[in-house]
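Next come the structures, one after another.
Next come two complexes built around chain A: one with chain B, the other with chain C.
Entry: the complex of A and B
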């Protein structure tokens, strides 16, 4: 297990290396002089030249890349071109709301999706199954921002149960925190709930048709235990794959929901940085996202081994 | 024969499945009985309804939408179709248990062998973990698995095919059932292991005095193990007799065909192996009259016109579904 973990971590190095090259090249790939774009149409030639020097664009790209990489490896993400704040601080300030939002969204998605997906499979062909199918179709076809607006209309404006927008940090009270986060998390998580529901239903249907389920039934196992224990553990491998992917998508795709609900997360950081052409920030956030992707996938792979003993991790 | 000696009586069992292609009668009016401590063989080609018969006894099919049962199944005098479905769980694994064909697919891949053996003990006897573990080790020893205290923590994929089949037998025996249904228990195994597993089943049958229904397509296995045989064809019983009767005096042309298809090394002539011509008709297209007529070399018009009944013929409970055999014409 440890050997496997070590090997997997080692294998991420070339991936991160390639990703870092791509990220670094953004400045050079995007047409136009970044310094001129940042300063706008009315900037003087001297100002542009000064910014170019400050951004290091005058230096040759390859030594610049290694310098940049060296800094990152030492934990120095550089400073924002726009206002000079260290990028690490900017990200640290805004990642918490995004992390909390995405995690809560996934939890909601799982709470909705797993029982409903299982129930639908168990009651295949009944009205319950059809209702679940309709819900999941709805979840997949409804854009999250639209769902967010509906939720605001109903939950905040009509019922007044939740605030219209805004973020309440955890430190200001658990209740208020979750209350403020519920609607954005629901809007963000519903599409994932729909996906997980579909996968759970389909996989469970397959598993329920296997010999070992018939065997368990012939041992006198109660129907509920049959589904919740014998079948469920066997459906987890494909389901957990989707959960991992959903989590990554929820984390890196929360921008729209953050905008709709006014949450000061990484999403708004990205939007602001892109409009300001703040390459230093964009590069760091993209690199962080890649790292996150790799980590979540690694965790999912490790979980495979825990769930299914046939998947040997040390080979 | 005294009636009270019967462990299981199946009377006129009909199992119908609702499929996309309409209703299919997989088992059509099957009757037989299993006495205490007896091994009854059910023989037939794939699709003849032998597995459906056994799973109908345990009511394993979804009765709400998929399967319909008719007829009667009496287990120790109690009608299994009359008890509410949730109560059936008290019978499954406790009084009647089952061994499946392919142990690799019938054992749950994500639970250890120990967990799978302990489960029926917990369900039916509320046996605590330590006691159940002890019993599990005892059972593994009984079915001849070496080093059981180590095996108990292993997963099915870590064992060989023969071992897995033994584990499945151990699970089936966990609660000392009175009836064991073995559905082609040796089909997925190689020949030497097959013999070992069959010996084990016979030995356990004697030791524990439980009734066994052995489902197989292999008449050689039947010859070595069973007391009586039921031969099935397309959802019906075509012949029923003691093992010696079946081998010495087969009456139905289908049984004869099956017997002739067994390769014999002692034959002096270089003969080609006998083959029953044609294939089993589809359940959706069951022929009128005798179901075997299309493949039978003795068949004539009367066979295709009239339905055949299973009738007693000769002594010792020999029954056959063929009017020509009964009249001794062929």
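Entry: the complex of A and C
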């Protein structure tokens, strides 16, 4: 296992290196001048040029890239080109809301998806199965921002149960924290609930048709125990895979939901940074997102071995 | 448990809704609009002992300022947050856009019109407790001159100097009647801050601390979240406490203790927050939100004429370098269609004037004859006169913010309907700011220009600003405005310059004036609307 872990960690190095080149190239190629954005409409070309020089934007791309890479390797993510704040501080401040949002969204997705998916498989062909299929189709086809706006209208404007927008840190109260996070998490998690629901149903149906389940049934094992204990365990490998992928998508795709609900997360950070051409922040956030993706994938792979002893990761 | 129940109930409600596909109209939509449409100040509510007010004011804004260093940044949101609130100026503008003293007790001009002397108010404290003295004013004003290219151009090498601890002066190279207006109404405000703050810049040349003399102190900027301001209890107000504010001047009560400016990107969310009372004021209401707010009974709207929308021609190279092509476009455009596309039906006014009612003295209708002609036949005559081949595409450049892209689409349709092929480049704002500086990239770009107190600050009439109005006659006319001896003479020179622009040179096609709107809870009192919304005397009823 340790050997496998070491190999995988080693394999992330070239991936991150390639990602760093790609993101640096994209940022370098896209038009837009951060100096002009910072100085605004009245700035003369001389003032803009002077600021460009001060910001090091006139340097050729290759030395700039290696300079950035060198700093990253020494743990220095640089400072925002827009306001001078260290990028590490900006990310540290804004990753918490995103992580909390994505985690809560996944929890909600699992709470909705697993029981419904199992129920639909067990009641295959009945109205329950059809209702679950409709919910899952809606989840896949409904844009999350539309669902978010709808939730605001119902949960905040009509019922006044939840705040319209904003993020309440955990330190300011658990109730207030989850109250503020519920609607965005639901909007973000619903699509993932739909996906997990479909996979759970399909996989469980396959398992329910296997010989060992038929044998257990003939032995008089209770239906609930049959599905929840014996069958469900064998659906976990594909379900865990989709959960891992969903979590990655929720993390990197929270931008829209963060914008709708005014959450100061990494999504908002990247949107603002792109609109300001804040190169240092864009590069670091994308690199960090890649690292998070790799980590989540690694955790999912390790879980395979735990769930299914037949899978030997170190071979 | 309460929150869990709420969450479960909402989950159930949403699921039920999604399953049944039901939809219910907002039941507030049947009520009458409570719109207050004005470009003047709202009245301050008389204090009644029975009414209780909140300690906090929550404002939802749609964008974050790149920086709050007003000397070096011209973003409207930074001005609305900082001007008169955190920082004050030597002189400011009243509701008629006339110059009045603020941190100066008074100012005088030498007989030759070259030397301006400002006598400072005594006992004014900065937020750090330090008294404002001439050294601070000199450092601030000279930093402002260097940071604000228009001021730098106007004063040349002249700089402010200290006369004594409470007097400063500047001697210009040539007389400039409009110099006080430039200081009072600059789009990069001449904020007064401590000399030590001016000297302590970061590597990009921005101040590290936000310290002024205004009624509110800067406390915290949580990026992508909010800016927090707190009342400056050592503030020394000026003016009559019993009179309402007059433009940007007058007695600032600073009724509310804490002000939060929340950054909320999505317009629908801002309106919903206003509706639920999470926010008290919404900045920069767009046309759709304006219509929504007008139908909600406990909300009110304010709007003012904030900017001029214009097609700016590239006069350096390409098709529009030919004046007849510019005249063809001037004759072709339907300004009303374009303004409706841009601002909706409620948020624009048609006008040929380059300056709007916000600067009433400078309003000029000399261009009416050439405005909003919508005459394709005349346009064709000009295209023919230019020898245009009807094959070379006319290149339109616009940003996808503030609905400029919609104007671009209308222009494209108008041109193509008369056989002029076009290419449309729609980009985000940072890309536009880069592309418009490159004369090889476009024939016309579309943008808006915020209010300025004097015509010489009109960016598109500058010889070096994108579009390049480097025409000698125009530049001479603009110079004549600045060097006029009297205001009447200056106005006549401005009329002449504007007529020349509409009739002969056509550097731009002015389409009309756009409004900026604000949504307010009806519990909000004393919001001051003058070239932006200011909350020095704002309070919110409990």
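Throughout what follows, the second predicted complex is superposed on the first by the 276 of 315 C-alpha atoms of A that agree within 3 Å, B and C clash if a C-alpha of one lies under 4 Å from a C-alpha of the other, contacts with A are read in each partner's own complex, and residues count from 1 in each chain.
One rule holds in what follows: a contact is a pair of C-beta atoms (placed from the backbone, for glycine too) under 8 Å apart; a residue touches a chain by one contact, two chains touch by 3 or more.
As the structure is a computational prediction, the values presented were derived from the model and not from experiment.
Of the two partner chains placed by the overlay, only chain C lies in contact with A:94; chain B stays clear of it. In the superposition on chain A, A:308 makes contact with chain B only, while chain C stays out of contact range.
Judged by the touch definition given at the top, the superposed model places A:69 against neither chain B nor chain C. More residues of chain A are in touch with C than with the other of chain B and chain C. When the two structures are aligned on the shared chain, A:150 is found in touch with chain C, with no touch to chain B. Of the two partner chains, chain C is the only one touched by A:33; chain B is not. Of the two partner chains placed around the shared chain by superposition, chain B is the only one that A:216 touches, whereas chain C remains out of contact. By the document's definition of touching, of the two partners only chain C reaches A:163; chain B does not.
When both complexes are aligned on chain A by C-alpha atoms, no chain A residue touches chain B in the first and chain C in the second.
For chain A in complex with chain B, the touching residues are 125, 210-212, 214-222, 230, 233-234, 307-310.
Across the complex, chain A meets chain C through its residues 30-34, 36-47, 51, 54-55, 81-85, 90, 93-94, 108, 112, 131, 134-135, 138, 142, 147, 149-157, 159-167, 175, 178-179, 182-183, 186, 259-262, 264, 268-269, 271-272, 275-277. Those residues of chain B that touch chain A in the shared complex are 55, 58, 60, 65, 89-94, 97-98, 100-102, 105-111, 119-120, 123-124, 155, 157, 168, 171. Chain C meets chain A in the complex at residues 2-3, 6-7, 9-11, 13-15, 17-19, 26, 64, 66-67, 72-75, 147-150, 152, 187-188, 202-206, 222-225, 262-266, 268-269, 272-273, 275-276, 278, 427-431, 433-435, 437, 450, 459, 464.
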